[in-house]
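Following are the structures in question.
Paired with subunit B in one complex and with subunit C in the other, subunit A is shared by the two complexes that follow.
Now for the complex of A and B:
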């Protein structure tokens, strides 16, 4: 699998920068502490909100911090600068596909963030008794779901990154992305939304990014519903990859016919 | 035909290659051509801006466009193993030609085939057999040691272990980059970077290599080294297409020169012929272009 070389190169790039390594770790710890204080304060006088217990809530949000590398928006997917600087020509005269190249390249930085921030954080939270390893079946479902979540967030960013090539600027796209994060369940689980918004979020693909894997991990998804949750995520992710292919082919066509 | 060739005798095949049943190279190369461009034309649509405020507002709602011909009915053939210098001022159409030959641009009119394929229809297939180096844009992995770039490209081109090892060894020696392999690309000097980029371009045994201003910004010694290397690769049978705005780069290619100006080829023939027609040693490129342009218009 030649594209794994891109994963490797990006991972190696990550570990070359020791300062950024420590900065990432520190910011990961601080964000986690804030989340912990926030939710324990919210739950001080109540056992459950919208059917979610404190333990489930902490498990949902803090695992989100551990896996942040896989589920955060990749930042290097903009096509516009590649076109402006002309490096797109190099990308197009290689027997490799830029879409797949970027998919695997960002997996490398996700893996690096898992090692640099995720795993130490996980160990600390387990030792403190906040995160608990679920049973094997849930764990396997979670890992599969997390990888699909990565493909989903990548695809969302990739499509918007290709769109920057038409809009020539990424500003509007950035603002829209906050809405995507909200609908993905990155701030709170979908149960917390008012009815209409929950309906919207349930029927959009973005829940495949964050909500589905974290709901599986935290036990919000009933054991009997795990398989159907993973299957619906598979369907959404598959459609998103398909959309990426269509948009990318269109961009290549536009590039070669219009000339950038 | 456009006003392209002032001296058809001096340029026996030149842009008429397509019309002649059995084209021959001006430099004596034989067999089937490896690149055939026929009436190759590329237009770009440029959106007009406007002089006044109201004009600009109007054009925001209803844009006006102007068609610019970056390349105008250019025809040529290149034979396997030739080293061709493609010389022209900035904006003459050099990079557009290279992009058309690589399949990164689709021709507006006309046709180009490279090793029997139309590059834009078979971009990936074509990509395996060609190398492209742009002097201005490195393809090295910026933050990683140089050797990682080689390892990556070796995999991308599916080179087997032996081919990879042998090619790398040969290129490292020829370009003297052995001591740079552990250095991150961002710490290399321009000359070192250029040598590494060149080695990367030749790593997968390309049949044709397009070099777009490969010696830009380099000193005389570095240039000489690159010239020797490229000559060596030509000896190995690689077809070289070198685009440059610098007449000094003609040292690199020993034989055939094409002179392009405003999207049209003014001259295509042996380098010695160009020198003769230009009346002795070539002065600056501007002078040479001016002379040929004037004569082409008159003729």
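Now for the complex of A and C:
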């Protein structure tokens, strides 16, 4: 598949520009340490919060740190500058669809971040006995779910990037990204939310980014419910991809490039 | 041989010598810097008002952004009574002081992050030949206008949590002012050191990123971290004085009140150390050639 070549190229590019590797590793470690200390302190006077034990919580949040690079908000999806400078013409004449091209390109850099900073962190945390591999069935479900999580986070940024090109404003979803992170369950799992916020988060697609894969990994999702969780994630992710197609097709029609 | 050419640029880079025993001259220098800073601010304000709508929209978004991150604390406390031994309003106040200091730092000192770029492009040389302190020139040139939103969030958090604690007194508000200014100076010192690394390594984005991450420690009560880490964050990289310790004075927490009281002293000492490091680094600076 030709798009996988984009993935490979981006991954290799990551290997070449590894200057910031140590700093990324160090700040990843700091964030992980903060999370560990915070949750240990939160659970000091209680064994379970909203039915979640400390062990499950650490597993949820620290696996979240391991996958943070993979599920990070993709950068450079803003289409407005490409339109303003007219370079979008080059993207459009290529025999590849720009939406899919970007999806696979960013997958390459996400995979690079997962391997370069996520994997060492995972190894360290499992040597320290904080993270444990779940059984094979859960693990497979988690990997599938994590991949869909990537598609979901990409789609969120892509839709917002395309919208900036309608609104011509510099403000996009990255300016409101903490709200997406909150609703995705990146700070706390959704069962911690008060009723109305839980309802909002359950009915938005963002939980497909983070909550669903991490709940599967940590065992918050009961073994019997894993399949239905993955299926609902598939549904949400599919809807997001569809939305990407719609706004993207609409944007191309709407497009006028000036000058030349 | 090579040193001799760099020596001259380093001499120019050195800050104005302190006026020895002549208070009139020091005051004059101070007034000069204040008036120059005023002109920088004025130019900044005028460029801002060229696109007022963009400015307002970005800052409302910034406010939502910072409230989004506070939501962690709020959601947590719908489920629990305390983090460690700290209650909801106490955690909110610490969090509020942290982002207050941080947003002030961000607003006034953000151009520190451009040092690496300036070194690469040779723009530092331009600052060195002007008759003003180079650090002052780097910092005064630009205000980060996207950052008022976070500042508003911080003010709301501090105001609300003081109210919840029943501590909204004039004295406490003045103390908040002292402590966030100290916090700003402490954050600035950390970032000065991180960015001055550019004079040794040209590329310093890694250190800059680390400096930003270190700030994250100040959002939560410092005593949740282990003993060694806490010592590190108190005496080596004293960011705990940006939020945790000054808050103790408002909590009237007997054990930690002495530490709280020395917050401004720690800020001054940290800044002095960072400034000396900056001068040393600038001495080493040789330019990237051309």
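One rule holds in what follows: the second predicted complex is superposed on the first by the 252 of 260 C-alpha atoms of A that agree within 3 Å, B and C clash if a C-alpha of one lies under 4 Å from a C-alpha of the other, contacts with A are read in each partner's own complex, and residues count from 1 in each chain.
Throughout what follows, a contact is a pair of C-beta atoms (placed from the backbone, for glycine too) under 8 Å apart; a residue touches a chain by one contact, two chains touch by 3 or more.
In this text, all values refer to a predicted model and were calculated from it rather than measured experimentally.
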{"item": "Subunit B or subunit C, by number of subunit A residues touched", "value": "C"}
{"item": "First, second, both or neither for A:23, with subunit B first and subunit C second", "value": "second"}
{"item": "First (subunit B), second (subunit C), both or neither touched by A:177", "value": "second"}
{"item": "Touching partner for A:128 - first (subunit B), second (subunit C), both, neither", "value": "neither"}
{"item": "Which superposed partner A:187 touches (first subunit B, second subunit C, both, neither)", "value": "second"}
{"item": "Which of subunit B and subunit C A:87 touches, first, second, both or neither", "value": "first"}
{"item": "Which of subunit B and subunit C A:13 touches, first, second, both or neither", "value": "first"}
{"item": "Of subunit C, residues touching subunit A in the complex", "value": "54, 57-58, 61-62, 64-69, 71-72, 75-76, 78-84, 203, 205-207, 209-210, 212-214, 216-217, 220-221, 224-226, 229"}
{"item": "Contact footprint of subunit A on subunit B as seen in their complex", "value": "42, 44-45, 99, 102-106, 120, 123-124, 127-128, 130, 132, 134, 136-137, 139, 141, 143-144, 148, 151-152, 155-158, 184"}
{"item": "Residues on subunit A engaged by subunit B in the complex (per definition of touch)", "value": "2, 5-6, 9, 12-13, 16-17, 85-87, 89-90, 92-96, 255-259"}
{"item": "Of all residues in subunit A, those that touch subunit C in their complex", "value": "19-20, 22-24, 26-27, 30-31, 33-34, 37-38, 40-42, 44-46, 49-50, 169-171, 175-179, 181-182, 187-188, 192-194, 197"}
